[in-house]
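Naming follows writing order (A, B, C and D), and every chain is counted from residue 1.
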Amino acid sequence: MPMFTGVVPPVVTPLNEDFSVDYASFTRVLENLIGAGVHGLFVLGSTSEVIFHDAPTRKAITEHAIKIANGRVPVLVGVIDPTTDRVIDHSLTAKAAGADGVVVTAPFYTRTNQAETIDHFRYIKDAVDLPIIAYDIPVCVGLKLERKTTVTLAREGAIVGLKDSSGDDGNLRYVLADMAEDKQFFGMTGSEIVVDSVLAMGAHGVVPGLGNVDPHGYVKLWNLVQAGDLAAARAEQERLCKLFEIVWISTGRTSAGSAGVGAFKTAMRSLGIIATNTMARPQRALNDEETGKVDAILKSVGLLG
Amino acid sequence: MPMFTGVVPPVVTPLNEDFSVDYASFTRVLENLIGAGVHGLFVLGSTSEVIFHDAPTRKAITEHAIKIANGRVPVLVGVIDPTTDRVIDHSLTAKAAGADGVVVTAPFYTRTNQAETIDHFRYIKDAVDLPIIAYDIPVCVGLKLERKTTVTLAREGAIVGLKDSSGDDGNLRYVLADMAEDKQFFGMTGSEIVVDSVLAMGAHGVVPGLGNVDPHGYVKLWNLVQAGDLAAARAEQERLCKLFEIVWISTGRTSAGSAGVGAFKTAMRSLGIIATNTMARPQRALNDEETGKVDAILKSVGLLG
Amino acid sequence: MPMFTGVVPPVVTPLNEDFSVDYASFTRVLENLIGAGVHGLFVLGSTSEVIFHDAPTRKAITEHAIKIANGRVPVLVGVIDPTTDRVIDHSLTAKAAGADGVVVTAPFYTRTNQAETIDHFRYIKDAVDLPIIAYDIPVCVGLKLERKTTVTLAREGAIVGLKDSSGDDGNLRYVLADMAEDKQFFGMTGSEIVVDSVLAMGAHGVVPGLGNVDPHGYVKLWNLVQAGDLAAARAEQERLCKLFEIVWISTGRTSAGSAGVGAFKTAMRSLGIIATNTMARPQRALNDEETGKVDAILKSVGLLG
Amino acid sequence: MPMFTGVVPPVVTPLNEDFSVDYASFTRVLENLIGAGVHGLFVLGSTSEVIFHDAPTRKAITEHAIKIANGRVPVLVGVIDPTTDRVIDHSLTAKAAGADGVVVTAPFYTRTNQAETIDHFRYIKDAVDLPIIAYDIPVCVGLKLERKTTVTLAREGAIVGLKDSSGDDGNLRYVLADMAEDKQFFGMTGSEIVVDSVLAMGAHGVVPGLGNVDPHGYVKLWNLVQAGDLAAARAEQERLCKLFEIVWISTGRTSAGSAGVGAFKTAMRSLGIIATNTMARPQRALNDEETGKVDAILKSVGLLG
């Protein structure tokens, strides 16, 4: 059996207006997810604004999440920084805090190739006694984890799974096929909008940022696919696609950046889960007009009365 | 007068085989540059492998460089990390160490737009009492500092100059034209191979990684342009272009990554300036065969006997 | 009902060694497809090497295909050239030859925006009395047909459907949702490897280049999805994914270019459908060693004894 | 001596409001250029909207230009179409019309690699007895002519020169260095805004679209560089840079497309050279408000009273 499966949302990190972490809201975010039946938590991912937080804050976020989870679901921790040794440092902290696994991207800022990227994962594996999940997110790091790179790392045990946020579902399908004999390896999609499809292809889970806004929706979708009711799964996915339109409201920003996470935070505030929609600097939070549009979409899909 | 002008190389950071900084070699690198007559030092730039070093190591590198420079030339410090507050932290450290200015890129990993990038520089300016130089390096950060962004920041005093590593010399020319009335603003090019041209357009300096290998060449080139002898400047530039071919020797890597800095380090080892050509993990150093090709080029341009 | 649905392969154009069209082989290609039960033919698409053929040759290819089809299945004709009026000329020829519809890309070589691209389709619609299918293929034309562009054109009746070769299945899903009320509009995918998924999302057809090699496979896949047997559809898709590996054999070329179509032609030659694997100049055909690897894959999926 | 040197503008093709070529205006364009002292004419380039014109119109444009030039300056003809044999057809027409050379891009729409691109030029060379100039314009064709590709073709005599519209001046410099022993080879830049620099590097000419608006400016710039007065050349270049700002007036379009050529046409209409600013479909001409801004720039640089 793969080590991790199911709905594993990248957990939003709520902020106070002074940009410190709002732990009371964070607790509500975590309880809301666990209560909805998610199968794991991924803290300190891109949706968590991981890259804005320094090492002590990351440690505190990790410890808080693990304390709240309290063994009810596994906690994966993003250890995202540009280079190998900095990733190892974060990984050791995550290990000490009790993380169940760490999520690692290719190096960034510096330009590396596939061979150096393979070494990057190997060095981390050698240094840290925790399961490593490869995180393929070329829009942020400027390099695609090629099929051969992922499969090489998986076959030698350097990684236990893949989180694919590249949008290249065909490539994910080939990775799953290459690894079909290995019953422990898993592939998850970072997509919010083709989850039914990618699960039907054989993916083992989903890591949807939008799951912070509607975790029940993604759990329902997962359960429908597990039950083989793909028609109902499609209907639920299409409802979630309508909800996902919130990420395009703030047209002056990229949906891969503050327009996306900013919309999630704004929706979560409207739903009473978190206190502010503050974004880490220099990102701009959605304004009142944009909030009105978010709320209209929340109403249209039945999340807001 | 602009605050900084002339040849300001991004200083290579020599490493021991265990990846710690080799300070004895670093001293030689710095003395070699100052002795050749460079006009400033830029430590912790991309060529310095800044992104691989943690905060304590960056602090030590900065302090060592400032101690060695000892006021002979100004020392600019790269404060390169993905997000605003992390950059501010590095900047405060640089300030405390006695830096003459800090060099700041756009945010990276996270996707931001031009407006958020302008805010990024403003927040740093508000927090740190040091001259800020904008560093335009889209190949590493995934965003171009547009002409309007740079000029907006320059006119309001948030930045004192621009280091342009975008390769878009036409855009730099427009920035220089827009800022022509401001006699303090400066624009420098990060190019190694069109320095004569960009200086002839009115740029105020050059930040050549290759200057670590042949600082006398770039100082000579600068002096020839200042003296108005553009024909001789062109001849010297063409000699340096031949030398720059070392960055394409290691064909399996990108010249913007370990093939480039790795070649500089390999050449500097052959020239007796540094002890190893070790690269920070996960980058691979050039091998013996590649070293042979570097040495052949060094001989062809008269640097190696 | 949508005007066109089902499996509509882009028909390979076989060539003689002197680069003229091999009509005897072409007849076999067409009969092989029709005999396998495809629901339509798309001649003069990218897979047909359309861009290499001049107007008289395109006319002859169109007429030949329509003559062979003889009303058994509809024939769509690619009218692919860089600019509006040249596309109109090809469209009028296709109309005169009896085509059932024309397939139109965004302008290329020249750089246009979405508004000009909308005008492009409108001008063609005004000039030609034939159903127009928009062809979204950014890898070839350098511009993505954005969701809003496609939906604008569809709602005003300028296009009757979309062939999506952009790889952005999420975007296709949104276009299908936007057009859900219009029972005549159709969306097809140009993918070979996620067809089961995209059909399960609600797409109305598939335009697989690989269908030239194994039309029975794609017809079977279509029928399984229509019958609601998604598990069996997935198994058939996975067999076709194995076959699709032929496009990566020729590593020196791009799979979107001669490596892909060249592999299809090589496989079809091995299967006795066409006489040569000649590619239009300056593309290079696969060589003997590469042919051996293609044959091995054909055997592994049961197509070759 | 290189076969072609100096200022060789890509000649704008004026259109009537019905999109036919306005030959009376075209004659004025040509006479305006020749009268200003340009050293050659490049008809049917990107700036000429070549890609919008069919073969008979291209033939007529070529013949008209050669008739008007009447041997006063050489006439180069762009033979721009996606694939080899179509380029050969245009080249044979150009030869028959008396062209002095043809200008050839890499294939486009289809995806080819460097090796196939080399073959493309070789096939054309074999078929056409005319000097061939390679045209490097990746923004339009999606492929960069790499240094090695260009030098291979130049050394074997398949091309006599390079027109570089890639913006990569460093690469052009290396091509010029590689070919320094061949006194017949020439490299020209397609830039409007760094002409002084690229000529100072050793380039043999310039192909400025903006030369249609102000040919005297570019001839003056050329003469100043030839006379070694680089300071005065820089001043003239900077005046032309101010004029070039017209290409960014129409912000809804790309400056590489209708915003650029559209601005040239609009300026030429204001200067009385051509009758309309009509653009080939589906491009949009600049409107009255944009024309006002173009005129203001024309006045600011002294071209309009």
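For this structure, a couple of remarks:
One rule holds in what follows: a residue touches a chain if its C-beta (ideal position, glycine included) is under 8 Å from a C-beta of that chain, and two chains touch if they have at least 3 such contacts.
None of these values were measured; they are calculated from a predicted model.
Considering the contact criterion stated above, no chain is in touch with subunit A and with subunit C alike.
The minimum number of touch steps linking subunit A to subunit D comes to 2. In this assembly, the C-alpha centroid of subunit B lies 36 Å from the C-alpha centroid of subunit D.
Per-chain CA centroids place subunit B at a distance of 49 Å from subunit C. Chain contacts: subunit B has no residue touching two or more partner chains. Contact between chains, per the stated criterion, is found for A-B, A-C, B-D, C-D.
Chain contact summary for the complex, subunit B toward subunit D: residues 167-170, 173-174, 177, 191, 193-194, 196-198, 200-202, 230, 234, 238, 241-242. Within the complex formed with subunit C, the subunit D residues making contact are 19, 46, 49, 51-52, 54, 80, 82-86, 89, 107-113, 115-117, 119-120, 123, 139-142, 252-254, 256-258, 280-284.
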